[in-house]
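The following pair of complexes shares a single chain, subunit A, combined with subunit B in the former and subunit C in the latter.
So, the complex of A and B:
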């Protein structure tokens, strides 16, 4: 009984574990099994074809194109989220007047769902911006930037940053407040300038948060789906077709369900690898407070 | 020790709550079902509607039906992305009792072969339907669907503005080019198009390729693995015609969707709108004041072929618990008075014997549906399931990005021309 009691706390994980098993592990295994079949999503029967779907994936130009877009998007999203997040958090941390007003304003986009945000910005891009562009006589701004192959990428990136920055800012802000004032003071007594104080005192305290933000935005970037559906639908052409959207298109629009499952498995492996590398590489710099 | 017991208790409680949460919901559902059936034996059947334009008229039809059949309640369901929703429900054994489907499409044939639909072959459900319409959609000689209306594709034009500008209705492709040029010279937009909604590009280009040479040549090209897109006269002509339409569309066609294109036409800024006849209620709703009509997509000889297919059709789930009630409703849809009500309001040509849709806007096109050699079912009916939607994506990509090689190599790959 004593031994038993010592492990009682594991039972607290039971509800979460059950939900996780039902909604994540079971579909994952099922998805893998489907990826080994030729099921089209329509017929009642399917047969196992081994890894044929995976070998077909390798030679599919659309997947290469889509992976290229997704990585470029995820990379820029991570870099900009971290840089802008830290800068805005630093600035918000210094604001003394109207502090809660500014903090609420920057946090506000986080309460909206990405679909809603996407649809609102879609209207701004297709109606408001062209009207503004015509008024100031700019030819580039008088059309929908989202339908311009060279601008659509940045349009989507901008909107996902607008929404996605809110939570990282909040996290960084909390981390900044955990930096002990006496350390900063000691550093300035030792003659450290502002940059040196930031680099050697503040940054180590930001690392755990940084870790989390990088993983979160990497995950958001690599699995980008809802904002793209709401804003460009993968267009113009196929210039913003993310891997997540491609999985959906294969499964539900083009009736290649098993092929879509195989691609989703690849996506899963990619995210897994990125997360492992990320956690391994940055845990070294953490402060053990 | 006390604390440990409490820990155990809380953990167990959390687990039990979680499980009971799932369980009680299921019980409630069963109870609810029993209730609805015991109340005067009323049966509720679900009608899954895939055509948003028709929703309000269907509500009226359902009210009429329920008046005649007080013990049957019909629940209409209409959701966005209906095709994906319906197919997912069918795959998870949750098919609606009655569903609107598109029986020409190859996905319907696949599903019918998988026994998703009730076999209607030896019933009287098709007794009032003109056989020419359901012959084409038999699957392995059996009837799984009841066609009710037809669609057709053409080019809407603003009659009032055409008269003001002294323009005549073009009958050949050359005349269409001249008309478009004349409209542009007068400072108006010739075509309202919407490349952002890929399906609109897909319909337009299917109508173009059907007419580029002739429907037989086009069908032969898609079926023949040896014919390559870059060497095919029809495909090359279609691409040139696409270039022409793009150059004579509004400046931001790439950024506009279906509704924006319809608005441009309804406000009189653009004088032509290539679309299907299903756009009529949308044009009217957008506040069109000028008189408008429709002409067929022209070819070189002046006898353009109209593309079209079965638009509204119903099928019954093979798994339905209420087959008799479902059949009763579908039969009601094929009765002359119901079909006439639909034709009067929704304006699509009816497949029901003796019913005529009075739609002056589209009659120049729809009258060709029954004329020999002037009607061709959508080419994608013979393509494998899902190819129609990627065709739309690829053709709209070409219209926006102008990468001819990419379109050609996609066609070669997807139609097995390697």
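So, the complex of A and C:
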């Protein structure tokens, strides 16, 4: 008993160690090993083929297409989340009456599941928008925009923002409320206009939050799955097939298990690089802020 | 001062427009759920002329809706309890022994796990669960506890190192407390503020999660969670959209009720979790 107590801290970590080793580390290593084989996911045998999957990935047009969509989507998601998040937080910060009512409502989409949100909007795009378009006599709005290759992208982006802005808005609002009032007053006494006050006084207080929002929306954007499955299923004509969905489709629908594993590894490398860049640049900013 | 007033007025107008964007889909969902197909076809946007409950009856009767609801509750509740048993205990042990290589290595491995995108583990873990015959609720709970470790331990270690002085435990040891007793009766209660955040982040994540249940439970209908039901319901009943909308309403009601009651804690928890990670 005494001996147990001496080493108690080791025992404390045992359940977590077992879980992490079995359900995280082991699959992670296995995922890499699968990517070096030709396994379809079902057959009993598979053979080692080295990095053939990876070289095949590079020349696969579908993957290039999917990476293109994913990057465009993630980039716009990050930029719009930051811009709209800051703007809406500024508006919320300005109003005094009903502020908590607005806040509660603006936050509500955050508690809904992405799959439900996506399915609701999918229905609204296919039922409500055409009905509305016909009523106002607009030909463009009379069809389902999600089945139009040039519009589906923006439909998905819009809905991602509808749900994904909720948390960033509140984070930015909290940051705005941490700006000391006397600093702002001193700045206006010195003759700084609203824009100058925002740039030189408010922005430094927003930077830590900004970093976090960028990381969160980058990760959500690059690994997008639920929202795509619910809204477009990757269509029309694979125009919205995100990498996250493509990994799933390759592995479970098209029986290219090892190929999908290789693609997942690429995704891992991309996220790793993004994280490193982000951590580097944010530590540089923190010195200034 | 005049421009100030004008700016405030513009702010209200813009915020009201945002409110319309947020509430319109929810309003349309609600009214469509109470209409017959005929009535919706006549006018999608009009308020229902009568409170037609047939859609709800059909969604509930033709599916094991309450079973799925119970599954979601069970999986979320059990996972949260296990997370609270495992995560803070691990974090506590790590935070007090960061000078030892074992704890330090484990901690670094856990933190690195935060940046691993789920798609990387998704395929091998599904194979593993198949081999272990864990394509069921128990298997899913194991996975939730495991994936909650990375961020959870990270948050707890930071919290313990900044807010809980070592002297507290040393006094307890002098009084003859074992390390486990000390943790249970002194440390864990002091972690309560962070524990509230951890409960909220993980409960929402697990309740709303779609991909893991899709991978682990999709083949066994009796185990389905609400998001999985929602997805499968859409594939089966895509023709009758009034039914679909009433299924949306049914799945939103539980989370909305919780939100209305605990909105302060939920907003603090979900934004706090983002800040701390």
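As a working rule, the second predicted complex is superposed on the first by the 259 of 289 C-alpha atoms of A that agree within 3 Å, B and C clash if a C-alpha of one lies under 4 Å from a C-alpha of the other, contacts with A are read in each partner's own complex, and residues count from 1 in each chain.
Everything that follows uses one rule, which is that a contact is a pair of C-beta atoms (placed from the backbone, for glycine too) under 8 Å apart; a residue touches a chain by one contact, two chains touch by 3 or more.
Note that the structure is a prediction, hence the values are computed from the model and not measured.
In the superposition on chain A, A:235 makes contact with subunit B only, not with subunit C.
By the touch criterion defined above, A:110 reaches subunit C but does not reach subunit B. After overlaying the two complexes on the shared chain, residue contacts for A:154 are found with neither subunit B nor subunit C.
Once the two complexes are laid over each other on the shared chain, residue contacts for A:265 go to subunit C alone; subunit B is not touched. In the superposed three-chain model, the partner touching more residues of subunit A is C, compared with the other of subunit B and subunit C. When the shared chain is aligned, subunit B and subunit C each come close enough to touch A:12.
Within the superposed three-chain model, A:51 lies out of touch with both subunit B and subunit C [touch as defined at top]. According to the touch criterion, the shared surface of subunit A, contacted by subunit B in one complex and subunit C in the other, consists of residues 5, 8-9, 12, 15, 19, 41, 126.
Listing the residues of subunit A that touch subunit B in their complex gives 5, 8-9, 11-12, 14-15, 18-19, 40-45, 125-126, 130, 142-144, 146-149, 233-239, 252-256. Across the complex, subunit A meets subunit C through its residues 5, 8-10, 12-13, 15-17, 19-20, 22-28, 30-31, 34, 41, 88, 91-92, 94-95, 102-116, 119-124, 126-128, 131-132, 162, 167, 170-171, 174, 209, 212, 216, 219, 222-223, 225-226, 229-230, 243-244, 247-248, 251, 257, 260-261, 264-265, 267-268, 271-272, 275. Per the touch definition, subunit C reaches subunit A in the complex via residues 7-8, 11-12, 14-15, 18-19, 21-23, 25, 28-29, 32, 40, 43-45, 85-87, 89-90, 92-94, 96-97, 102-103, 106, 109-110, 113, 115-125, 127-128, 142-143, 145-147, 149, 153, 178-180, 183, 204, 207-211, 226-227, 230-231, 234, 241, 244-245, 248, 251-252, 255-256, 258-259, 263, 266-267, 270-271, 274-275. On the subunit B side of its complex with subunit A, the touching residues are 1, 4, 7-8, 10-12, 14-15, 17-19, 83-84, 87-88, 91, 107, 110-111, 113-116, 195-196, 198, 251-252, 254-256, 260, 385-387, 389-390, 393, 396-398, 400-401, 403.
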